[in-house]
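Structures for review follow.
Presented sequentially are two complexes of chain A, the first with chain B as partner and the second with chain C.
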Partner chain A sequence: MFTFDLLINAVAAGLMLGGFYAAVAIGLSITFGQLDIVNIAHPTFVILGSFVAFVINESFGIDPVLIGVVFMPIFYFLGMGLYQIYYVSFEKTGQESLSGLAFFFGLMFILEVLMILAFGVDYRLVSAAYIGETLHIGPLDLPLRMLIPAVAATLMTIAVVLYMSKTFMGKAIMAVSQDRLALQLMGADPIRVKRIALGIAIATAALAGALLIIIQPVEPSVGRLYIGRIFAIVVLGGMGSISGTFFAAILIGVVESFIATFYGPSWAPAVGFGILLLTLAIRPQGLFGRA
Partner chain B sequence: MRSFTIRKWKGRILASSLTITDVEAGYGSVRVLHGVSITVEDGESVVLLGSNGNGKSTLIKCITGIVRPSAGAITLDVDGVTTDLVGMAPQDIVGLGIAMVPEGRRLFPALSVEENLVLGAFRKEARPMIAENLDFVFETFPRLKERRGQLAGSMSGGEQQMVAVARALMSNPKILLVDEPSVGLAPILVSQMIAKIKELKDQRAMTVLMAEQNFNQAIKIADRGYVIVHGEIAYEGATAEDLSNNDMIKEYYLGA
Partner chain C sequence: MFSRRKFGLRMIAAAGLAVGALLLAPQMANAQKKPLKIGFSMALTGPLAGAGKAALIAMQIWKDDVNKKGGLLGRQVEFKFYDDATSPSKVPGIYSKLLNVDKVDLVVSSYGTNEISPAMPIVMRKGLVFMSLFGLAVNDKFNYDRYFQIMPAGPVPKDDWSRGYFELASAQSPKPKTIALLAEDADFALSAVAGARRHAKRLGLKIVYDKTFPFGSPDVTSVMRAIKAANADLVYVGSYPGGSVGLVKAAKELGLKAKMFGGGMVGLQFAGIQKNLGPMLNGIVNYDFWVPEPTLNFPGVKEFLTKYQAGAKGKGVDPFGHYLPPYAYAYLQILGDAVTAVGSLDQGKIAAYIHKTTFKTVVGNVKFGANGEWAKTRTLQVQFRDVAPNNIGQFNKPGKRIVLYPDSVKSGAIQYPYKQ
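The block that comes next holds the complex of A and B.
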């Protein structure tokens, strides 16, 4: 049965889901799309963000979104340190392609195991006054546990897009994988540029993780469910385009929500790859790719 | 168009020179430069002539720190401060006010013309002047203003060379190194480009070192120059006339 109410609620749920996907995908869009670093561990950093939010929320009752924002600078330094290790161990010696991938795989497992040791394998939740609330606008039902993450994710995307397009460092991040030597000739240190970029990418995971645990309960290995979908979103949006990633995330969210509403939730996860393959057949550079 | 014929830019007296002494350099075990010494004095246009594979680009790369010399010295004098460039990273050398237009242009192909130009102003000293420098390069190359939003990789060769020169100017350099601007361009475009570089040099009171194998084009900008053969300076011409009258150059370039 196909009713108008069902339709607009499916769209709204999809937009909100897509907004959250964007929060997770933005960081990968920077590492994978701009730096050519296949950070397969990115969703695991998101889960780390969820557990930070969980621990602090449980102990002090602080709002999870606020925790996510406050931890962004700490995750930023974590990301910078991570790049430094990656650079010294792999990039410097030119082994980044295969050993680099193994490094991020290993990192993913180590982080996961550490989180399992610390928190066990149970699903964890956060509490906030708005989590059970729903905003009703006419026939629209907007659960705040979906709406607030979507709004926060959109604001974060806007901030990252502005940084990339308005600052010298942002432009250098866009340029560094195109011609590293030419970037040096502009007076920029490519190592520093990449360190800052990975710092920003991991910083977004702090907030994305807090948003995730508002939406649903989290256990340490739940991040793996997102890896395929998030890579699909980045490629679909167009490598190197942050705003493209955002719109691709929204698109995937809406289509998944439609499928879940009208055909059943079990089909939804296959949708991302279906759209990705279809798009790449017609537009190999992705929806918003530059070249 | 604005014109600055005295050697002043924004009220500062600029003096900049490069001294390269007995430089040896190569790639791995292959020696390319064998004791090369050249100087580029303040406000000069010096050309480095030599046919393909003789070491012109290698010497330019030594100056910007892309290739590290195994022996010899490269010193930069800017406003009375002397810096030894050997061992410095390219980004730090560029930070001192040397800009390089590399062989093959090396633009950021997936960035727009304007984004390429803005990146040219990355170094700290150039940032406050970005707006006026952008106006200046758009005035100099109106074509780039029309095409400011186009991806650099999709421009023609001549337009890409304009972007490369304009991008170097965005860093507000005291010394401009230009490596083979003629490569891949039709002769008419090369003439225009060389004329433009000469004009820019006078307007911006820059010091220019240009590597070029096309003698007839390079001579148009030369105050003086060197001929490099198999990694050694084979001839030094104190004036453009000296270069034109030299027998070896005639043999190499003019088919005499």
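The block that comes next holds the complex of A and C.
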């Protein structure tokens, strides 16, 4: 069945879903795309953000989005600390490629176990007045459970893009993976730059986690379901391009929603990954990546 | 001087010691006997860990109860278990280790279809009795005569699972004519919906939507929108907790107009999810296995749940334990009763005894059929009713999940059509 109502709602649902994907992928875009660090544990940090939102929402009834924003600085310092461990243990000795990957794998499992010990294994959800409510605009139905995360994710993306393009540190982060020596000649410390970059990446996980638990229930291992999808988004958008990651996330969201509405939801991930393969065949650097 | 009074006191003390020693002798002898080891894998991490950990609490309650009464065959019961991390690939290795290294005396299964099937070839090779916990139609593939499954699906599990939903639907007036079928893409949900599809065809319902969606999809709004556009009278869903929550929320957000909605949605039985969804659950007809309705007040179940709820505190598992824990207790209850009745660990005799006996358990009377499934289905269809927002305690009392099916435990009539 193909109607105009279904079409515009499919596009709107895809835009909202894509916005949420962007929130989860943007941190990985910084670590993987710009720092060349394969942080496979990034979705687990997102889940940690979800549990922080759950605990505070459950105890004090505070809005999960606000909790995510408030906890971004704490996650920022967590990310900085993480980079210091990674640098001393692997990067400094030139073992970052394989050992670094193993480190983040291990970190993912350790974080999962710690979350199990701290929060248990039951599914957790948050409460907010807007969950279950819908904004109706003509034929368009916009569930606030999806709309609010999408808006928050878009604002976060804009903030990160502005920081990267308008500040010295942002430009240094973009430069660090390309030419570390040149960066040092400019008077910037690449270790400090990378430490700050990983801090920003993990900070985005605090908000992304809060947005995730608004959308779906969370248990400690649910982050694994996102690993493939968000790596695909980062590669599709172009390594190192934050805005590219955002548009790739939107593209994947719209395609998945369109396929789910008109052809069958089981095809949605396959079509998403098909687009990735096709894009890489035509444009190996991704949609917005530099050749 | 040795006074008479002192002599009398010493005699009394000596007599007391002798009587005490006589009373304690059998238990001391039992304690000296080698413990009886029951081995299993369990999902203690991963997506099914919520259920797995709750099951383990129930199993440990059974172990404590049995050991307080002197154990099995005069031996204290010990558990030997490993976390399978909800990963079917780990299960064969765990059971090989349990049987060949740990040398356990008996085995029981992990929780769930996907974790039970991989253990079957190993258990069958050793000819062991295999009590299983919530596997849907696992023995259809193996036809093992020492397999017994505690979930009350019924003798034809895939069909009996959804039989109640369709019997209820076909009894309504006017009769529903169309149905939408949706399955999350994993073993249990696909099997449940396959059964629903057969019922729909048998009853002459027109299937207007029949799709699957990927396991763990973050958002199912688009799926629900397509279902709504199909305008089916009935919507039957097989899904796991994440998908179930998303679909219930999307149904409310988009204003689903079906006459019956629900069926095989896992997750709607868990107190945390029930609390969060609140009034969005009202009107949904879904499967369940135990709810606190007076018709399901079997001997021992309330005492068991009191112990479970005390044990579950602070462990991050379902606080009420209605869904799985009574059955996790009961499958060991049956094994223990059979071992005691047979008086040995002879696996053939234990299996024969289980086949011919009706067991009195905390989940009621259990009688197995030839294929090791319940001889008669008791998969409940319950309807959420009068659910208030943000109140978890309400789900531990009667009146919120009305049992509509089967008639033997029915506690109320259906409200039809489904209204949000």
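Just so we're on the same page, the second predicted complex is superposed on the first by the 291 of 291 C-alpha atoms of A that agree within 3 Å, B and C clash if a C-alpha of one lies under 4 Å from a C-alpha of the other, contacts with A are read in each partner's own complex, and residues count from 1 in each chain.
What we mean here is this: a contact is a pair of C-beta atoms (placed from the backbone, for glycine too) under 8 Å apart; a residue touches a chain by one contact, two chains touch by 3 or more.
Note that the structure is a prediction, hence the values are computed from the model and not measured.
Colleague: Look at the residues of chain A and decide whether chain B or chain C touches more of them.
Modeller: If we count touched residues of chain A for both partners, the winner is C.
Colleague: Could you tell me if A:264 is touching chain B, chain C, both of them or neither one (first, second, both, neither)?
Modeller: second
Colleague: Which partner does A:133 reach: the first (chain B), the second (chain C), both, or neither?
Modeller: After superposing on A, A:133 lies in contact with chain C but is clear of chain B.
Colleague: Would you sort A:278 into first (chain B), second (chain C), both or neither based on which partner it touches?
Modeller: A:278 sits against neither chain B nor chain C.
Colleague: In the overlaid three-chain picture, which partner chain does A:110 touch, first (chain B) or second (chain C), both, or neither?
Modeller: neither
Colleague: So in the superposed three-chain picture, is A:188 touching just chain B, just chain C, both, or none of them (first/second/both/neither)?
Modeller: It touches chain B, and chain C stays clear.
Colleague: Applying the touch criterion given at the start, work out whether A:88 contacts chain B, chain C, both or neither, answering first, second, both or neither.
Modeller: In the superposed model, A:88 contacts neither chain B nor chain C.
Colleague: Once the complexes are superposed, what residues of chain A are shared between the chain B interface and the chain C interface?
Modeller: The overlap between the chain B and chain C interfaces on chain A is empty, containing no residue.
Colleague: Using the touch rule from the top, collect the residues of chain A that touch chain B in their complex.
Modeller: Spelled out, the residues of chain A in touch with chain B are 168, 171-172, 174-175, 178-179, 181-189, 240, 290-291.
Colleague: So in the complex, the part of chain C that touches chain A is made up of which residues?
Modeller: 44-47, 49-50, 52-53, 86, 185, 211-223, 225-226, 229-230, 241-242, 245-246, 249-250, 252-254, 267, 270, 272-273, 276, 280, 315-318, 390
Colleague: Quick check: in the complex, which residue numbers of chain B touch chain A?
Modeller: 64, 66, 89-91, 94-95, 99-100, 102, 106-111, 115, 118-124, 126-127, 151, 153-154, 167, 171
Colleague: Would you mind writing out the residues of chain A in touch with chain C in their complex?
Modeller: Answer in residue numbers: 1, 3, 6, 9-10, 13-14, 16-17, 20, 112-113, 116, 119-127, 131-134, 141, 143, 145-146, 212, 215-217, 219-222, 225-226, 256-258, 260-262, 264-266, 268-269.
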